[in-house]
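One chain, chain A, appears in both complexes that follow, with chain B as partner in the first and chain C in the second.
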Partner chain A sequence: MSLRVGTLLAAPVTAFLLALCVAPLLILFAYSFFRVDFVAISYDPSFANYAKIAGSATYRGLILKAFGSGALVVAITAVIGYPVAWFLAKRAGAMKSALLTLLLVPLYSGDLVRVFAWRVLLGAEGVINRSLIWAGVTDAPIQGLLFSPLATHIALTYNYLPFMVIGLWLAFESLDDAWLEAAADLGARSPSRFARVTLPLTFPGLVAGGLMVFVMVVGDYLTPQLLGGASGITVISAINDLFGTAFDWPLGSAIAWTMLAILMAFFAVGAMLIRRSSLVGGS
Partner chain B sequence: MSRLSTLWVWAVFAFMYLPIAMIALFSVNDSKIMSLPFSGFTLKWYAEVMGDGRLGGGFLTTLSVAFPVAICATLLGGLAALAISFYPMRGRGIFAVLLLAPFLIPKLILAVAQLIMFNETGVERSLLTVIAAQTVIVLPFSTLVIASVLIRIDRGLLEAAADLGASGLSAFRRVVLPLMANGLMASWVVAFVLSSAEYVLTAFVSGRAQPLSVLVASDFRFALSPSLNALAVMIVFGNIALVALAELIRRRASKTGA
Partner chain C sequence: MTEAGSGPTGGQGQTMPLLRARALCKTYGTVQAVRGVNFRLDENSYVTLLGPSGCGKTSILRMIGGFEEVSEGMLELDGKKINDVSASARPINTVFQSYALFPHLSVLENVGFGLRYKGLSRKEEREKARAALETVQMTAMADRRPRQLSGGQQQRVALARAIANEPRLLLLDEPLSALDRRMRKDMQIELKDLQRRLKMTFLHVTHDQEEAFALSDWIIVMRDGIIEQQGAPDTIYRRPETAYVADFIGGAACVPGKITDTAIGAYEIETPLGQFATPGVRGLKAGSPAVLCLRPEQLFLDPQGRISARVTHAVYRGAEWLVEAEAAGITLALTVGHDDVPEIGAEIRIGFDPAQVWIARTEAEQATGAKP
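For the complex of A and B:
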């Protein structure tokens, strides 16, 4: 069959995405070179916004904080997710597809409802605090539970754990048990089997799951905003403020594109790592 | 080792369902205070939500957005899935990246980008802009659902149809389309659920008519109350019931398709 049919089918979808995803991002890019003159946008291109970001300790700090949060949640979800993914692929048997569905169902409750549920659990007037007081464990509510980095990171882990598990599970599905048996026969203990056989062979899944979790944590607006309290100011909420109350669209655009550029670099590296390690795994 | 891992998996699944279980429990607790011990069973919080006209209006707005989004996302997703997983095409890699982009780009960044574009081109914010914007971010998911059904279809069937003299179009209509029908239905339901739950993008591009998610967001921000629990539970279980339906349809597809 000629290559024409698929190309023809893809054409309307391509046009739609160019108009409503690519074009807006390009306009955003153009805006990042403009600046605000009192209440009007001055269409006079310069690198001033990018210079401002590079020179501002606040913005540099917020960007670093976002990537720090991303890395932390990737690490936590990987530690929690490895045994789960292994179990799903190798031990779940007939329950496998039911368990996979159960894992994904909470995702469909919507991010708003999930964040709300954590507020109900962790708040000063919330379930945990009220119940601790009722049980006589403490006299006053533990304030640090809600509106803290702890609350934000618990909820972020909760939100994105399924994506890590799916990535790792796919890798475990294609992992041949014979490798692990061979390593055991050769006398490798289980920590060393994990480090020298399981980890390298499931590495593409770890990178794929990790990348998904990382971008979603970095780009999450609601969770830090509603659970983090004063710590909830993120680079994403800074963009939101610049487009709202602060009314500096050009600076907001420049921060947004700085984030996009860094995320794209991460993807390029991730894709390269996956390609290289699947070459090793295949040989 | 094996018992330990079983315990671990149970613990992780308990963690995943803990928040939902808690709000469900306290949505039927007969007390304004959310704490142990339980004060008895009541449905009054649900009655309070059902009687709230503002939320009812928001719900209707949500429906009038989610129906068209589900249709558009399924049509476009169907085309995309056919192109990417069934018929050969030029530039498949680039097309795949383009399709994934709305899923990977932070939603708030996409939202402000669309806001600027609508502003620059003089497009008034309305339910139409919400529908267009939501279709963009639902598209990767609807494509995935349909493609997961398409890749199980035996290509031999197409060759058989061609050998029997069917043209490309009639082979599609009489062989491929019936086999992918379940995928389209599942995609419709998933798109509907994702559209109704979406908040960040919706808040940015919606005009005066505000869908339920935007109304609920402002309530959630300020107060905790058992009636908000009841509302959250209704949203969660409505969504879960729909997704279960979609999964059933998709499973049926994999049985007949195999």
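For the complex of A and C:
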């Protein structure tokens, strides 16, 4: 009885999700097997687009670059996120909710605003260069700060750090201090305690936060475009160009689906890692 | 107070103590959890810190383990100050109240956790861990995860993990509190047996006086951050120094009175129940307030008894009845055989052997306790 009511209540949501989320993806999937004939799409299915991606050094390079960026930003946010999450869960006390809100404030400000804020900071006439010249550290502004991979990755790290911190913070909340005391009691010094107790027991949070950051970095279009300069060409901007000026929807769809398939593989591995770790799942 | 010391015989230790606490204090903000305690732990002894929750016993244990900083005073292990030695560097291991077994490691890996820091080969590590599991009869569970074990099994693994490192001192923080009564009794016997076999010193924190009596060579009774009394179980039970100890251990009725004479061998005390000559704690002077401690098993129905009382309650306890009676505004409890239970409201006369009862102080003599 209650099962049937539950199914009934969930039905609209399920229908909504299918229509708005899965259906467009399926349409894209179908398009990825077609090809363009001058200005019309020829509905003649083949694997030609996927073969083209596999054979093109440019597309392979762009895809690799996207996942490389994702991995790099995940690593940086993890290193910054661990102490922050630990502090929030174990030391912040009454300030916890205030600090958590503060952590999320940048997310409310909008992508463009944040990107332009970084331009103001990193530009040739920007705050950092001006300060350095004023302090006499350099005579001329450092040109490489803005419009470089450095600028892109600084901004990406800033943008997505909160997601890593939230994931790790949740993991730290369920980390019993008694485990760390027991490890110390048994002779483990601080680095050993981190490696043998903290890391394995917060691992599900690291995987969850890491996957979120990874997906969002790989899919970020604005940040590299506006801060990366010549390096701002990404696989996402390539897809954008294919759907826009180049009018090659099938190839764009094929690249999008290649990315999606690889991301889903990452998710599957992540889910498996979380299930295998002791905090989640039964035995 | 009696000389502080502990040992299998319950006497005063002649050799250098394993651990010595001198004027030990712990302060949390403005709260004084431990207020200057002195005690010593001898080699190869089982010592209990006994007291109600909030008396500071766990704070003492955590300071010895190295999880809390010593606010004032000194902790010495083998004659060396260990106040500033980190927990990981102390040859002391702990069985935590929550067991704190690592959920991501197997039972064997849990037990072998600390052996990694002993400079052993992996093979030796495993062998030592197995041997420790063997001492608590848990080898069959070696490959399980902690959450696949029952509470009693987890408790054994926690014990194996703590003794695998062969510490100088084993700390046990209310280790049996999560077990049911039957299992608790079994584990008490096993703990005592284990201590005898390993010849290790165990310091056990509990609020359960039966547990303290079952296990200990030496009991330290605590209250509000100070030591009320410490001694062999028999001394604590038969010669309580304060009204608090007499009441907390064995539920004696403490009749307030005043010492009138301190003749050799006994005191004379004037109480609302009459004047009695009985032995008592050393150092009481004529005119000082004191309490006469009357335990339920020391009182009996006696037509010629000197105390006249009225029965208020009678509780069946299986082996006998516990009868509560009121005399001169004081509630006395006495154990009575099945055939002699008086009616509620009946007037009875109660007797006791003055040589068997005891006079204690109303309050602890000094906040700092005995000088060890």
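Note that the second predicted complex is superposed on the first by the 268 of 283 C-alpha atoms of A that agree within 3 Å, B and C clash if a C-alpha of one lies under 4 Å from a C-alpha of the other, contacts with A are read in each partner's own complex, and residues count from 1 in each chain.
What we mean here is this: a residue touches a chain if its C-beta (ideal position, glycine included) is under 8 Å from a C-beta of that chain, and two chains touch if they have at least 3 such contacts.
The structure presented is a predicted model; accordingly, all values stated were derived computationally and were not measured.
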{"item": "Touching partner for A:277 - first (chain B), second (chain C), both, neither", "value": "second"}
{"item": "First, second, both or neither for A:200, with chain B first and chain C second", "value": "second"}
{"item": "Touched partner set for A:246, first chain B, second chain C, both or neither", "value": "neither"}
{"item": "First, second, both or neither for A:185, with chain B first and chain C second", "value": "second"}
{"item": "Which of chain B and chain C A:176 touches, first, second, both or neither", "value": "second"}
{"item": "Touching partner for A:27 - first (chain B), second (chain C), both, neither", "value": "first"}
{"item": "Contact breadth on chain A, by residue count: chain C or chain B", "value": "B"}
{"item": "Which superposed partner A:75 touches (first chain B, second chain C, both, neither)", "value": "neither"}
{"item": "Intersection of chain A interface sets (partners chain B, chain C)", "value": "none"}
{"item": "Complex contacts: residues of chain B adjacent to chain A", "value": "1-2, 5-6, 8-9, 12-13, 15-20, 22-23, 26, 33-37, 76, 79-80, 82-84, 86-92, 95, 98-99, 101-102, 104-110, 112-117, 120, 132-133, 135-136, 139, 168, 193-194, 196-200, 213, 216-217, 220-221, 224, 228-229, 232, 235-236, 239-240, 243-244, 247"}
{"item": "Touching residues (chain side chain A, partner chain C) in the complex", "value": "176, 178-179, 181-189, 192, 196-197, 200-201, 277-279, 283"}
{"item": "Parts of chain C lying in touch with chain A, wherever the complex brings them together", "value": "65-67, 86-89, 92-94, 96, 98, 100-104, 113-114, 116-118, 145, 147-148, 161-162, 165"}
{"item": "Parts of chain A lying in touch with chain B, wherever the complex brings them together", "value": "1-3, 5-7, 9-10, 12-14, 16-17, 20-25, 27-28, 31, 80, 83-84, 86-88, 91, 99, 101-103, 105-106, 108-121, 123, 125-127, 130-131, 133-135, 158, 161-162, 190, 212, 215, 218-222, 226, 236, 239-240, 243, 249, 252-253, 256, 259-260, 263, 267"}
